[in-house]
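In the part that follows, the structures are each spelled out as structure tokens.
Two complexes, one shared chain (subunit A), two partners (subunit B, subunit C).
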Partner chain A sequence: MPPRIPTNPSASSASALVRNSFASPCTSQSLPGGRAGFSTTPIRERSTNLRRAFLEWTRKVASHYRRPNSEGPSYLINGRPSPASRNRLRPFPLNRNFQSESVLNDQARELIWGKVMRKGESLKAVSAELGVDLTRVAAVVRLKEVEKDWVSKGKKLATPYSRAVLGMLPTKSLREGVENQPLEPINELHIHAATQKQLFWPTSESRQFTREDAAKAFHPKMLSADERVPHPELIQMEKDLLRNMSPNEARTRFINAAEESERKAAQRQMKKAMAEEQATTKINTPRFEFRFREVDSELVGKNGRAPNVVGWKYGMPHYDRKKGMVKIPTSVP
Partner chain B sequence: MPRAAQRRLHVLRRPKLRQSWSKYNLYNLWRQRDPKIGNADHETFFQQKWKAKGLLRAYHGEHIKERDWERMFSRRLLSVANMNPRYMAENDGSEMAAGRGSGKDTERNWDADVVKPSVITPYMNMTFAPMERRLDIAIFRAMFASSARQARHFVVHGKVKVNGKVMNFPAYKLNPGDMFQVDPDAVLFATGAPKKKGGSNARLGITGSQKNNAEAEPAAEEEAEGAEAEGAEATAEASEEVPEQDPETTDKPEAPKADMKPTRFAIRKLTEQAKSILAKDKDVSASQKQNLRSFLKRAKPLLSKAGRSAATPADVLDELNSMVKELNLSGAPTDAAAAAANAAPAATPEAPASPSSGQAVASTRRGPPRSIEDLNEDELKALQRLIKEEEENPADPTKPYHTPWKPRDYMSPFAFIPRYLEVNQKVCSAVYLRHPVARVGSAEVPTPFGPSTNQLAFNWYLRRR
Partner chain C sequence: MTIKIRLARFGRRNAPFYNIVVAHARTARNSKPLEVIGTYDPIPKADPYDDSGRLHKDIKLDTLRAKYWIGVGAQPTDTMWRLLSMVGIMHPKYRDQKPRTAPPLPADIQKPEAASPST
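Take a look at the complex of A and B:
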């Protein structure tokens, strides 16, 4: 076969190149390895069945996923799509145990912020009323505060991004004054490691062996499930209702109890901070603030090597000053 | 074995799933079938574990060294149980002593038409839960980056704050309650459509070497489309910019100095109203947005022109009117022929003095608007909405992403936010609420394979514990 002159790259239009990408000649000026310098035969573009299948897919199937769906989320559907599978919220088709779950929309976040910051309702009461996890309520308020701060400072919000992302996700709206479907279960109990072992615990058949006793059987210091759940006040409210208390009164008692528990938690935190403050002597210099605390160098723990004490730990090398030791912080206060 | 950074992330042959929003990854995810590890007896247990671990590690933090992950791995899998307050109020726990010591069994009705399978708690899907604590992966999960690698890059380059302090360790393990913030510009860059490069066929001229062939062809396809769109925009821009270079401003220096204040007032009032009133309707077509963009572009020089002594009120209002008409706010077709000279009466100083009466008249009129005061309520609102949208999402050539911002292609099938994060997209911040947990029927760790594959991987890592 006689040597052929390569075609001019600029001559082939963009669309032609795409259409005939499998047959079009490569016009690389720099010669790839293994090719003789004198050859004028153009290399053919490497095209495999895999690539062809992929391009076929981008044309036929992927067009459905390319732009966001105006009706909400659109997750991958493997095989033949059915009406039931279309609105399935499963981002990984092979994992049946993972679902894309709803997030709060903007109005819902604003509502939560208003209830906590404007009306001064307790986090627990808001969480129980709206069916949003306690930690999430706190986080929503915290993030909303950041947002308001940005607005007041004139910092630009990422509104188009927010709108686009919330349009792709299943969202949950909350309304004031009506009973809302809960976003998530709010009274979830952490499965404590101590409760995961099997116990043989003989008791008399006549004994009323309650959750309290079960907790003590697992560990003498363990609290019962009634006290470890995020909303013990809700259980009390249900007990009140079972005792034929009027719903309004039970509700008022619940709200008061929730406020009381939050007040106590705040007090505890304040006390801790005050104790910390008192134990530290601060000396301000132009460059640093030195903080001194009393320590006991005799405190070394049970075996002399406790990790959180300052005393000499026999056999424990101190690597903190060694060159090249990356110390990734474990917490950011 | 090439280093992790040199290895290609997305491949078509022997595909691996990745934490990324690439279309190659989408394709691989789409054609992924159940690996069926351990279904037949031709594989030893070791082989099964090896294969399963390989599949999962390719997805979960492939940029993290195996040794690091092994140190991170924990055999303790977290889970929660939903406690119903009503049930807890009715029972004190002693009911569980019935039967064999774990409560009375409920008889299953095997004669029912549909016998539902018992639901398990997929503990095994929690194998890679410690990975989700890492800062870079949490950023990817919060949808602030298009891949875990990109998230890592953001952290390393100081674009991420944890609790208000810059954190440049991607391996920082988030604690429950930690808030992380990513620079909004970085987020918009990561999640937005890419910027078009000059609209030319520049990239097409360079035929890719065999190494980046996989990228080149679809990119070329997009480039071609982009080029067409760009070209269309450019021509539209050019045709619209003709009236901006108005030679009349220099032609009439001898004209008597007219009071330009009313015109300026009218323009300013329009902009101010637009800022004050909130948008309520959502049906704005793309062409209307385009029109608005060009309107705003031309309104600015017009405002400054109104201050110049050379311009007459009639000129300014003429231009304003034609611009407003081009907007076609109400969506109805406008009559181009009716855009003849009209503004002389409207330019009189008393017109803006009674804007409310002017609007009341305008609401009943027919035909194209004669001046800015002639716009009826709907048109004015539409204009204001368009102006607000333009302000929120402006076309800004200095940005490294396509402006006005729009989400990148193939993003929505990857869009989910796990429950252990609470995200506020407007400030590009999120709070890590708690560690991911398993509950009856679901596990919070986003993993592409089911419990059987995860279990084998879990066993692989247990071996060395």
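Take a look at the complex of A and C:
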């Protein structure tokens, strides 16, 4: 027997069902919530609890965070704005690993450059006066020179970038003619590889064991810690002050000693360059200059495998491309 | 057996570097030589902070040993001959190939020749 359409009086006919499904979206009464597709009445203003709380929060708590703070960025942590001072060394609160020390601002770098290049003060004296590390002073002078060279050549500087970065980081300003808070400790003793071994060195109790002796115990050619620090002249100055020398005189002596040590270093460098020049024969050809450096090929060590033998070596692997070898230049030429 | 002063190629692909060696002529290029007397870096380099475009090549050479080996009959290859002639150890092998013109005669010799047809 074929299936039949049930003849139930409560169910409407197929045509009526179709008609209803088309008609229902157009009637506003049939939608829940009373929203009408074509209604021209405006949506009712709804002020939820959350919105009210937010507005209140912007009025009370967050009002003084509308404008940027001069101390540094102020971020919201757990809905509460954190004080700018706490963000000073950690400018990105989500990156807990990034902690920045203060960096020199442009005015401070300009001051350092002016002292060294315009007034001709020695790097050591500038470093000691401003409390900036000796290598940093040298780097600032070098980079300022590059910057000024670019400016003179009309090269465009990335000033907005620099301003943005310095705006995010804690900066340090230096003033001339006043005692500045030092940026960093300047007379730190760098760790020498020879001092990293454990040593058992028995001496008699009656004997004075000085820093010189300690250095000799590590290595016969090693200088004492007092001489290996970046500013041995500062130690001398303190000794002078302990001997009741007037501060002015001690300062003058320090400046003179710093200049002297720099002059000696420059002389040493000059001598080295001269010796290099002496040992080199330069032959000019139209295309290239050929530089013949005189070497001694007989300095090969006891077994002929000394590390500084001239030329590439035979039967020894060359580790220049090995993993972990430093392949970028490590010094400024 | 002939002894040569020649170059042995070291370095990397596209970055040659040569040892200047003294070796028996019939041994392989990079076999262990009698002696290494220097190096030759054929890649021209500029001086740091020099933007004049002038390039130089670096050569290390033990001239004493080079002279000794030349003295006992070692034969430099053409390349090594060129380099050794630069520092005056060898006479240049290839002079410039321009056609030569005889130098002008002294004036007192030229004059009688010019004068002779007229007399």
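Assume the second predicted complex is superposed on the first by the 217 of 333 C-alpha atoms of A that agree within 3 Å, B and C clash if a C-alpha of one lies under 4 Å from a C-alpha of the other, contacts with A are read in each partner's own complex, and residues count from 1 in each chain.
Criterion: a contact is a pair of C-beta atoms (placed from the backbone, for glycine too) under 8 Å apart; a residue touches a chain by one contact, two chains touch by 3 or more.
For clarity, every value in this text was computed on a predicted model and none was experimentally measured.
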Exercise. After superposition on the shared chain, which partner residues are touched by A:Ser204: those of subunit B (first), subunit C (second), both, or neither?
Worked result: neither
Exercise. Touch check for A:Pro93: first (subunit B), second (subunit C), both, or neither?
Worked result: first
Exercise. With the two structures laid over each other on chain A, which partner does A:Gln181 touch: subunit B (first), subunit C (second), both, or neither?
Worked result: neither
For this session: State whether A:Ser152 touches subunit B only (first), subunit C only (second), both chains, or neither.
Result: neither
Problem set entry | First (subunit B), second (subunit C), both or neither touched by A:Pro333 | both
For this session: Considering only the touch criterion stated at the top, classify A:Lys144 as touching first (subunit B), second (subunit C), both, or neither.
Result: first
Exercise. Between subunit B and subunit C, which makes contact with more of the residues in subunit A?
Worked result: B
For this session: Kindly classify A:Val310 by the partners it touches after superposition: subunit B alone (first), subunit C alone (second), both, or neither?
Result: second
For this session: Would you sort A:Ile283 into first (subunit B), second (subunit C), both or neither based on which partner it touches?
Result: second
Problem set entry | On subunit A, the residue positions that both subunit B and subunit C contact, one per complex | 333
Exercise. For subunit A, which residues are in contact with subunit C within the complex?
Worked result: 281-283, 287-298, 309-312, 314-315, 333
Exercise. Given the complex with subunit A, which residues does subunit C contribute to the contact?
Worked result: 10-11, 17, 19-21, 32, 35-39, 44, 48-49, 54-63, 65, 83, 86-87
Exercise. Can you name the residues of subunit A that touch subunit B in the complex?
Worked result: 9-10, 14-15, 17-18, 21, 26-28, 30, 32, 45-46, 48, 50-51, 54-55, 57-58, 61-62, 65-69, 73-76, 78, 89, 91-101, 103, 106, 109, 133, 135-136, 139-140, 142-144, 146-147, 150, 156-162, 164-166, 168-169, 184-185, 187-191, 193, 208-214, 224-226, 229, 231, 234-239, 241-242, 326, 328-333
Problem set entry | Contact set on subunit B toward subunit A in their complex | 12-13, 23-24, 26-27, 29-34, 76, 78-86, 88-90, 92-94, 96-97, 122, 125, 143, 162-163, 165, 167, 169, 171-173, 175-179, 181, 184, 187-188, 191-192, 201, 204-205, 207, 209-210, 213-214, 217-218, 220-221, 223-224, 227, 392-393, 404-407, 409-419, 422-431, 433-434, 437, 439, 441-451
